[in-house]
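See the structures that follow.
Each of the two complexes below includes subunit A, the first together with subunit B, the second together with subunit C.
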Partner chain A sequence: MENNMNCGCTQNALTGPTAMQLAQAGFVIFDLLLYLDTHPTDQNALSYFAAKKSQYEQAKAAYVQQIGPVRISDVDPADGWTWGETPWPWEV
Partner chain B sequence: MACAAPMQAAPAPAACGCETPSEQTSREACLCNMSLAMSYVLMQGWAQTYEPAVALSRGTIFPELDLPFLAAGRIC
Partner chain C sequence: MWSYEKRLQYPVRITNPNPKIAQVILSQYGGPDGELGASLRYLSQRYTMPNRKVAGLLTDIGTEELAHLEMVSAIVHQLTRNLTPEEILAQGFQNYYVDHTAGVYPASAAGVPFTAAYIQSKGDPITDLSEDLGAEQKARTTYDNILRLVDDPDVRDPIAFLREREIVHYQRFGEGLRMITEELDAKNFYAFNPAFDKQAR
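Moving on, here comes the complex of A and B:
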């Protein structure tokens, strides 16, 4: 997914994770969830989940810091109402 | 490991009340003439996975589950 240069956002979206990359990382751990529900002791899957979960969390933290909240729980009221004032995922 | 002999399935009922010509094209008519069967699902094993971008595009992280589903709407 290409970054939209006309999004009008002030953050440097080019150096951070895009919404698509976050969606991709999130999908991986969600599909692993389905596998692990039926294979809860599969050590290969658990190791892979740990790695992919860490990657997702890092990508999400970077996205939240550089672009804006992904979930409502990411909003820090100390920063103001970032939920409605930061770029929408399709604008990044 | 040798496979056990398949269990004999019971024959389908000879008539199920929906064989009239006017119903032959209906979905229900097709289904009621089908034989009973036993289904099974193999236990998936851990194998290689797609890269995240491919996985999201294909709807699964597992190449072995990336299958074409071409039979939708083609029961009859």
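Moving on, here comes the complex of A and C:
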């Protein structure tokens, strides 16, 4: 099994609890996005979206802090070019 | 434009390579009812969709299909790691291997390269959404077929997720079709093409 990362985290991090929370929070708001595309005035869905959006942002912040950047905008150049350090999502 | 999130929509972590199954699953990458066709179809249709909400739906589902494309190729890649020539021959993977080694290439399980002939972007909202409903069911059936052939739970898990998403997309496109027809003449949906004609002919 290859290991060509320098982040100090293992490939297991990609399926660990921090990553799973981000995956779940991200999925909920994405599925809601599709529902809201066809039901844009559903007030319950809109409040649910607001709640889940902040959950996603927290989960992403935890992921970025513990594992690495999710989007380019998460990269802090003071840390060096971390974008390429964490495993790419298809790496086992 | 697109921005990339360095994560899969749903995790893929496969420990046991299996190139025979990889070749089957490849059809959801570059095959007739696969994710490449799906994303290209929806992203192409959105420009002439006069209903802006449905154009948004096509953009968002098209984007999700790109994420699914990534999952399918991750599955294929993880199933074709560390192969020996003996395993390649024993698993019947040699025909793909000779042309692509262990590279991920958009083709069907039968080796037919991806073509835009698999999709249509007809510039007519009723037609385009009807095509999309059919596409989602074809993809769902393909995933059903894959699930019948696969025992490995590491493979079944992401495939089952992808299958569920096709069913949800079918639901959303059905709502989109209803939204389109509600804007048309209830006595004749086909009086004109709202994506092209300025008014009823």
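Following the convention adopted for this analysis, the second predicted complex is superposed on the first by the 69 of 92 C-alpha atoms of A that agree within 3 Å, B and C clash if a C-alpha of one lies under 4 Å from a C-alpha of the other, contacts with A are read in each partner's own complex, and residues count from 1 in each chain.
We adopt the following convention: a contact is a pair of C-beta atoms (placed from the backbone, for glycine too) under 8 Å apart; a residue touches a chain by one contact, two chains touch by 3 or more.
Computed from a predicted structure; not experimentally measured.
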**OP:** Go through the superposed model and pick first if A:19 touches only subunit B, second if only subunit C, both, or neither.
**Re:** second
**OP:** For A:76, decide between first (touching subunit B), second (touching subunit C), both and neither.
**Re:** neither
Original post:
Looking at the overlay, what does A:89 touch: subunit B (first), subunit C (second), both, or neither?
Top reply: second
Original post:
In the superposed arrangement, which partner chain does A:27 touch: subunit B (first), subunit C (second), both, or neither?
Top reply: both
Subject >> Which partner, subunit B or subunit C, touches more subunit A residues >> reply: C
**OP:** Scan A:57 for contacts with subunit B and subunit C and give back first, second, both or neither.
**Re:** neither
Original post:
Given the touch rule stated above, what does A:42 touch, subunit B (first), subunit C (second), both, or neither?
Top reply: first
Original post:
Which subunit A residues are contacted by subunit C in one complex and by subunit B in the other?
Top reply: 23, 27, 31, 35, 38-39
Original post:
In the complex of these two chains, what residues of subunit A are touching subunit C?
Top reply: 14-15, 19-20, 22-23, 26-27, 30-31, 33-35, 37-40, 68-72, 83, 86, 88-90, 92
**OP:** Mind listing the subunit B positions that touch subunit A in their complex?
**Re:** 43-44, 46, 49, 52-53, 55-56, 60-62
Subject >> Interfacial residue positions of subunit A with respect to subunit B in the complex >> reply: 21, 23-25, 27-28, 31-32, 35, 38-39, 42, 44-45, 48
Original post:
For subunit C, which residues are in contact with subunit A within the complex?
Top reply: 3-15, 53-54, 56-57, 60-61, 64, 70, 73-74, 77-78, 81, 168-169, 172, 175-176, 179
